[in-house]
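Listed below are the structures to be examined.
Presented sequentially are two complexes of subunit A, the first with subunit B as partner and the second with subunit C.
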Partner chain A sequence: MRVTVDVKGEDTHEIDLESVPTDGDAEPTYQDLLCEIELSPHEVSVLVDGRPVPEDQPVDSAELTVLRLIKGGSPSAGG
Partner chain B sequence: MDCNRCDAEAVMHAAYSGAHLCDDHFRESVEKRVRRRVRRDDLVPKDATPDDPETWVIGLSGGKDSVVLTTVLHDTFAEDPRIELVGLTIHEGIEGYRDESVDACVELAADLEIRHELVSYEEEFGIRMDDVVEDDPENMAACAYCGVFRRDLLEKYADELGADLLLTGHNLDDEAQTALMNFLEGDVSQIAKHFDASLGPLSEREDQEEFVPRAKPLRDVPEKEVALYAHLEDLPAHITECPHASEAYRGEIQQLLYDLEENHPGTRHSILSGYEEVAGIVADEFNDDAEESADLRECVECGSTTTRERCRKCSLLESLA
Partner chain C sequence: MSDLRLDATQLDRYSRHVIMDEIGPEGQQRLLDASVLVVGAGGLGSPAIQYLAAAGVGRLGIVDDDVVERSNLQRQIVHGDDDVGRPKVESAADYVTALNPDIDVEPHETRITAANVADLVDEYDVVLDASDNFATRYLLNDHCVLTGTALSHGAIYRFEGQVTFFTNERSSKAADEDADAPPCYRCIFPEAPEPGTVPDCATTGVLGVLPGTVGCIQATEVVKYILGKGEVLEGRLLMYDAMDMTFETVDVLANPSCPVCSDDPEIESVEDVAYEGSCQISAD
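Let's look at the complex of A and B:
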């Protein structure tokens, strides 16, 4: 399956799911996909049809949206 | 994947706890952690009464962290006449950025029906951050100037608003980064100050009569979960990066923590919990040693409490003049 990963405000990636290395799991997870585009699951949320999904689950959608965390500048801004 | 606590579909996985939670149970879990922190840090004094309520001023920037903090505290204390919340927003003079986040703050305060105050660097100091980064007389990162001015205004207005507590939306990632930075810089006195300024339970802190005590009740919640909470609650959080954000060292530490967390889930929690314990011990040590305690005095320019003749804010304003 070819998966389209739209990183909001940045690039859109087309990734061939079969080519994604897995961490010993049978199927690639959302986290494995994030790893392919060098993002940490701790700095993004993955949405499928606008709904957040747990990143440790196998990818079962051909279209994903990735939202990056946004800081309000310095942490002393209180976010 | 189902939620660990019900049959609904999970929306998140917390690798540090192994939990998979649905929308409702995830939000409940965030709210519980904030309330537990409020209790552990003794933020509600036993002598607070409806006749003599506590005023809690929240640094409300309009970003996800302060918006989530304000919302959870409001939901917790809306029916409690002992606590009055006030949102305090600071406009730094950043074109197109802060204007939008101020709108988010105004909308939130109106939704929650809490008092909201807006102050600006321009009105207070006659400067705008857009101009400060152009001039840059001290050859520093934008955040280094901005942090000094923001802290000054937060303290000044918290005092003027009669605050008993000044709350900010620092999350677990922010605090674990700061802890690691202080440790890597070998700055033990800073660690002690951190405890007395904002980390320690109120009952265990050294009395700091000159300053309104601070608190960070969101610091048990990872940044990602704060963002997820804002998304699921559809809160009016502002979502644009500050155009001047430039803390290179903090960025390095942040990346290091992401990598550690990936291989060793729970690293941020353990860093902060160990750091808080050590900070309490070194704060005691520093406070016992009168020689080490800083001599506080009034700034010759503005009268604010400082360890220098002229406070850092006034020195920066002078070099910007």
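Let's look at the complex of A and C:
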């Protein structure tokens, strides 16, 4: 399956799922796909049809949207 | 119809609002009767505070435990050179008082924690998150979901900004769980990244005018929400790229297994969560 990964604010990638190395799993996961485009699961959220998907699940969609997590705002506002 | 109490000075001050069909004297009175808590008096908070005060939001709370530093002045425009070393909430409160005497400004020089979030947030109609750290973002999200408090979200990084709005009107969401229910922040980003894995403005820099744009959009959404006019960014994440001067919105839906806003949430109190690290539910 050919997967389109639209990283919002950055590039769109076309990836052949069969070429994605897996971490011992039979099928590539969303996390494997992120590694393929050099993104860390810590810094993004993967959406399928607008809903976040668990990154350890096998890829079952040909169209993915990736949102980057950013945190800037007001230093030391709380928390 | 709201009880109209605008005096002659207010009719003059807010005349450009009052003459608009979408606002009018009733809408201006709604703004004057409203209360907003701005969490963070820095880059995002500064323009938000300015425009909410100028618009006549009657009660404005400001939370921050920091003091003004000279390196803040490139973007945190409620503070001036003479304010360096002062608590940010004091400097911001002085700005508001000088701008608009109609506003009851309430400075809270403290950090928001699970222990004080209810005391701070529950006194206000809307929360504007202008913080810069994930612990505060997840804490505000969880508390606002649990209490049904509207929350404006904004974040910035170098030349990029993200804005969205959560009305947290859970009844409408629960009634239509299989349809296009809007998300909360945890639906979009279920867990915070481990500390140090996502860079911040202090280490990567930020275009000084960027938080001005993003903070103004947050203030716009809050004003619209108070007025009950227009379409707020609920269920849409607005992404702004200052370098390319592009805006893009991404539709985002609720996560049916969200730990805080789903029908069967794991988080029923902010006490259930350790607001550090990845902001997950406490093991104990």
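The rule is simple: the second predicted complex is superposed on the first by the 72 of 79 C-alpha atoms of A that agree within 3 Å, B and C clash if a C-alpha of one lies under 4 Å from a C-alpha of the other, contacts with A are read in each partner's own complex, and residues count from 1 in each chain.
Throughout what follows, a residue touches a chain if its C-beta (ideal position, glycine included) is under 8 Å from a C-beta of that chain, and two chains touch if they have at least 3 such contacts.
This one's a predicted model, so the numbers in the text were calculated from it and none came from an experiment.
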| subunit B versus subunit C as contact partner of A:Thr65, first or second or both or neither | second
| Who does A:Val7 touch here: subunit B (first), subunit C (second), both, or neither? | neither
| Does subunit B (first) or subunit C (second) touch A:Ser40, or do both, or does neither? | both
| query | Which partner does A:Pro52 contact after superposing on A: first (subunit B), second (subunit C), both, neither? | reply | both
| said: Between subunit B and subunit C, whom does A:Val20 touch in the aligned arrangement: first, second, both, or neither? | reply: neither
| task | Name the residues of subunit A shared by its contacts with subunit B and its contacts with subunit C. | result | 40, 42-43, 45, 51-52, 67, 69-79
| request: Show which residues of subunit A lie in contact with subunit C when the two form their complex. | output: 8-9, 40, 42-43, 45, 47, 49-52, 65, 67-79
| request: Show which residues of subunit B lie in contact with subunit A when the two form their complex. | output: 1, 10-13, 15, 20, 58-69, 101, 142-143, 146-147, 150-151, 168-171, 173-174, 177-178, 222-224, 226-228, 231-232, 238-242, 244-245, 247, 250, 257-259, 261-262
| In the complex with subunit A, residue positions of subunit C that touch it | 39-45, 63-66, 72, 76, 110-113, 129-137, 139, 154-157, 160, 162, 187-190, 193-194, 197-198, 200-202, 206, 211, 237, 239, 241, 248, 250-256, 275
| Which part of subunit A faces subunit B closely enough to touch in the complex? | 40-45, 51-57, 67, 69-79
